[in-house]
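In what comes next, chain A is part of two complexes: it sits with chain B in the first one and with chain C in the second one.
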Partner chain A sequence: METVIDALGLTDSFQLLSLSPPGWGMNLLRGLANSVKIAVGAYLLGLVIGLFGAYGKLNGGPITRDLLAIYTTVVRAVPELVLILILYFVGTDLINKASSALGYGRVEISGVAAGIGVLGVVQGAYATEILRGAIKAIPVGQIEAARAFGMPAMMMMRRVTIPAMLSFAIPGLANLWLIATKDTALLAVVGFSELTLETRQAASSTRAYMTFFLAAGGLYLIMTLISTFAFSRIEKWARRGERPMSGDAK
Partner chain B sequence: MVSDGAAVPKAIMVNDLHKSFGTLEVLKGVSLVAEKGDVVAIIGGSGSGKSTMLRCINFLETPSSGEISITGEVIEMKPDGSPHNQKQIEKMRSRVAMVFQSFNLWSHRTILENMIEVPVHVLKVPKAEAIAKARELLARVGLADKEDSYPAFLSGGQQQRAAIARALAVDPEVMLFDEPTSALDPELVGEVLGVIRDLAAEGRTMILVTHEMKFAREVANKIVYLYEGRIEEHGTPAEIFGAPKSERLKQFLQSVT
Partner chain C sequence: MNSLRSLLVPHRIVMMVLFAAFVLWCALSMRWDWLPKYLPLAIEGIGNTLLLLAVSLVVGFLLAVPIGFAQAFGPFYLAWPARIFCTVIRGTPLLLQIWLIYYGLGSLFPQIEGIRDSVFWPYLRSAWPYAFVALTLSVAGYEGEVMRGALKGVNRGQLEAARAFGMPRFMLFRRVWLPLAIRDVLPTLGGEAVLQLKATPLVATITIVEIYSVASRVRQDTFIVYEPLLLLAVVYMIIAAILSSAFKFVENQVPSRR
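Coming up: the complex of A and B.
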């Protein structure tokens, strides 16, 4: 193994990526862990916002529907980078103002919490639309049957609507997850040490740009491959009640 | 069948029921009484309001005005007809089981899971008990070997029999059938009608919207003929099919037989 690396002239690169100093590998992995933390948090927050958003758009009154329409339109219209800057600076500023008005003084907002909050709001707008479409795709009869048997609204959402819409929502939600993992890189602009920022710091300290950005690219790719595998399992499970179409493999 | 006696509440009483969709008045004051054990068949042409009438009984459609009582309990209505008391309606619905034209089994649950869903989660029956009862009912409708199948893998007739079993699993006081055979291939109609016939024979109270005139005549003891949102004629099968009085009913019977 070592001779192969040696022969390819990659010894230096591997030393740079080593997990123990002076290698920067640990920094990259720490960045990756932060990215995953934010992606997971933002995705879950986005799903919760999306679920209520979809219900509001489908069943809410005119004011709820208008407010939600403004939310999804604005968030999906403005570039995410701009939104992140706005939400991050305005958001932390508002929280600080509120806190000092209440006499608590400035609060330190953790980068992870801010990242989750900001990306969660962005994700929520897309999730709202994905889930709204998925709920509308459920055959009305299945909802009607639940009503006809006296299911209360919350139970119906939990036992019928959500499981029945999953098979329609999963492909869109899988996309959204992959976008979440990559949107974490945008948080580099507000100085949050996720994978991209860690990579840039390592690269500029060592001048080994190629090595580090290729390594980061590899890490993002691995994350995507694992996610794709996981989502295909989830989709298979969500579609357990469907008959395979004749053209489908196996 | 229950003899006359004021002490026994009517299984279903519908009084002067109106239902409008926007400006379109679909039901223009219909009434219906079903004693315990009655099998009432509602017949009529398409657009006569028969499905709407059935769906108003369990408030799947909100009646515009009128009065509905199930086993003596009056279901509250606001003047505008919207349900007054969602809790009361949910409780009523769990006693009045419905079988739909398009089966409406929950596609993400197996047949057995479909059967125990309402008993376990709405009626809070212990799961083991619900499963035992579900298996008994599945055996009765001839689907004992299908409990682990998902609905999409069953034929229409099998799905409808499973849907009837699902309705029976809640131990309903009244069963509502909304054109239970209309979505089935002709060769599958017989197996579903057979199950419904058995239920009628064991004294289940049922309201049945159907296009199967022969079947209505055979299993029902009361027939209601709807025409444009009004009850044009009602009576025993012998009266309705043997000696129809109204001209419209005569024409209708000619057109469907």
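Coming up: the complex of A and C.
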């Protein structure tokens, strides 16, 4: 192994990337862990917002529907970077005002929590649209049947709506997860040390830009490929028992 | 007429009044005195944003067509590189790609013998070529995937008809295959265009003066936080609205039987 690395002239690169202190590998992995943490948190928050948003858009009153329309339109038209800055400043401002009104001092907001909150709001807008479309694609008869059995709303959501819509929603949700993992990189711009920022710091202190950016790209790519694989398994599971679509049956 | 009536429902009137009150409050009680001073810079910034958007969309799409075609119908030595290119572009954050191209390639160029004396050096030292390349490759990657599906989805009968007319292969592609493919994915392309607009502020991190970086500069110079950001959001919403209505207009030009 080492002779191969030597022969390729990559010894320096591997030393830079090694996990023990002279190398920066540990920093990159710590950044990756932060990225994953934020992506998972933001994705879950986005799903919850999206589920309520979709229900509001489909069943809510006119005011709820209009407010949700404004939310999804604005969030999807303004760059994530700008939203992150606005929500970050507004959020910290509001929390600090609230805490000083309650008699506490200034609160230091953790980067992870802020990142999850901000990206979650962004993800929620996209999730709302995906889940709304998926719920609308459920054959009406299934919902009517559940209603005819006298199911309460929550039980119907848990037992009928969510399982029936999953197969329609999963391609969109898989895409959304990939967007979540990539959007964590934007937090580098506001100075949160996730993978991209850690990489840049490592690169600029060693001047080995190519090595570190390529390594980080590899880490992101591995994350993407694993996620794609996992989602294709989940999709197969969500489609179990469905008749194959006419396009697939060849 | 109909859309006007749907706007005049009581709760919408109340919402519009509230919105107008909010705009008025913004105009009166927030600080806008920095605006005249930074207006020329802001206009230049909007121009640069639009330039980056237009160039990357057009060139990226021109690259996306062969990439999509190679993925769908090419021999393996073209299909695999195209597929890997799309996977890599779509699987890594654009910010990382921009930094890789700007800092990574930018650090390699000076090592080339004699490049500092060449005519290209002034361009290679500025951030613009790197920004254009990064944004264009991103469009090519995302739309290459879209075009793959689109080219595959075109009705065989149309192509056979064109071939039966004796069209040469390139003419068939230009006149029948590509237009039919593009027509099917116009809504997707419109969505991608808006996503690309939202990706342009990332090049502000490599010193390009576009509208986002103008707003950041106002914030740093004057310590005014909300006003430039609000204005920035409004500018992006206006550009996004124009983009998506332009794509809607083109979509409506396509005759359809539905």
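By our rule, the second predicted complex is superposed on the first by the 245 of 250 C-alpha atoms of A that agree within 3 Å, B and C clash if a C-alpha of one lies under 4 Å from a C-alpha of the other, contacts with A are read in each partner's own complex, and residues count from 1 in each chain.
We adopt the following convention: a residue touches a chain if its C-beta (ideal position, glycine included) is under 8 Å from a C-beta of that chain, and two chains touch if they have at least 3 such contacts.
Here the structure is a predicted model, which means the values were calculated and not measured.
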item	value
Joint occupancy of chain A by chain B and chain C, clash or fit	fit
Touching partner for A:Leu85 - first (chain B), second (chain C), both, neither	second
Partner chain(s) touched by A:Ala101 [first = chain B, second = chain C, both, neither]	neither
Which superposed partner A:Thr199 touches (first chain B, second chain C, both, neither)	second
Partner chain in contact with A:Ala164 - chain B first, chain C second, else both or neither	first
Which of chain B and chain C A:Gln142 touches, first, second, both or neither	first
Partner chain in contact with A:Met154 - chain B first, chain C second, else both or neither	neither
Chain C versus chain B - closest C-alpha approach in the superposed model, Å	19
In the complex, chain A residues that touch chain C	62-63, 66, 74, 76-83, 85-86, 89-90, 178, 182-186, 188-189, 196, 199-200, 203-204, 207, 209-210, 213-214, 216-217, 220-221, 224-225
Contact footprint of chain B on chain A as seen in their complex	139, 141-142, 144-152, 155, 159-160, 163-164, 166-167, 238, 240-243
Residue ranges of chain B touching chain A (in the complex, touch as defined)	58, 60, 86, 89-94, 97-98, 100, 102-109, 117-118, 121-122, 150-153, 170
Chain C residues touching chain A - in the complex, by the definition given at the top	9, 11-12, 15, 87-88, 90-97, 99-100, 103-104, 106-108, 194, 197-202, 205, 212, 225-226, 229-230, 232-233, 236-237, 240-241
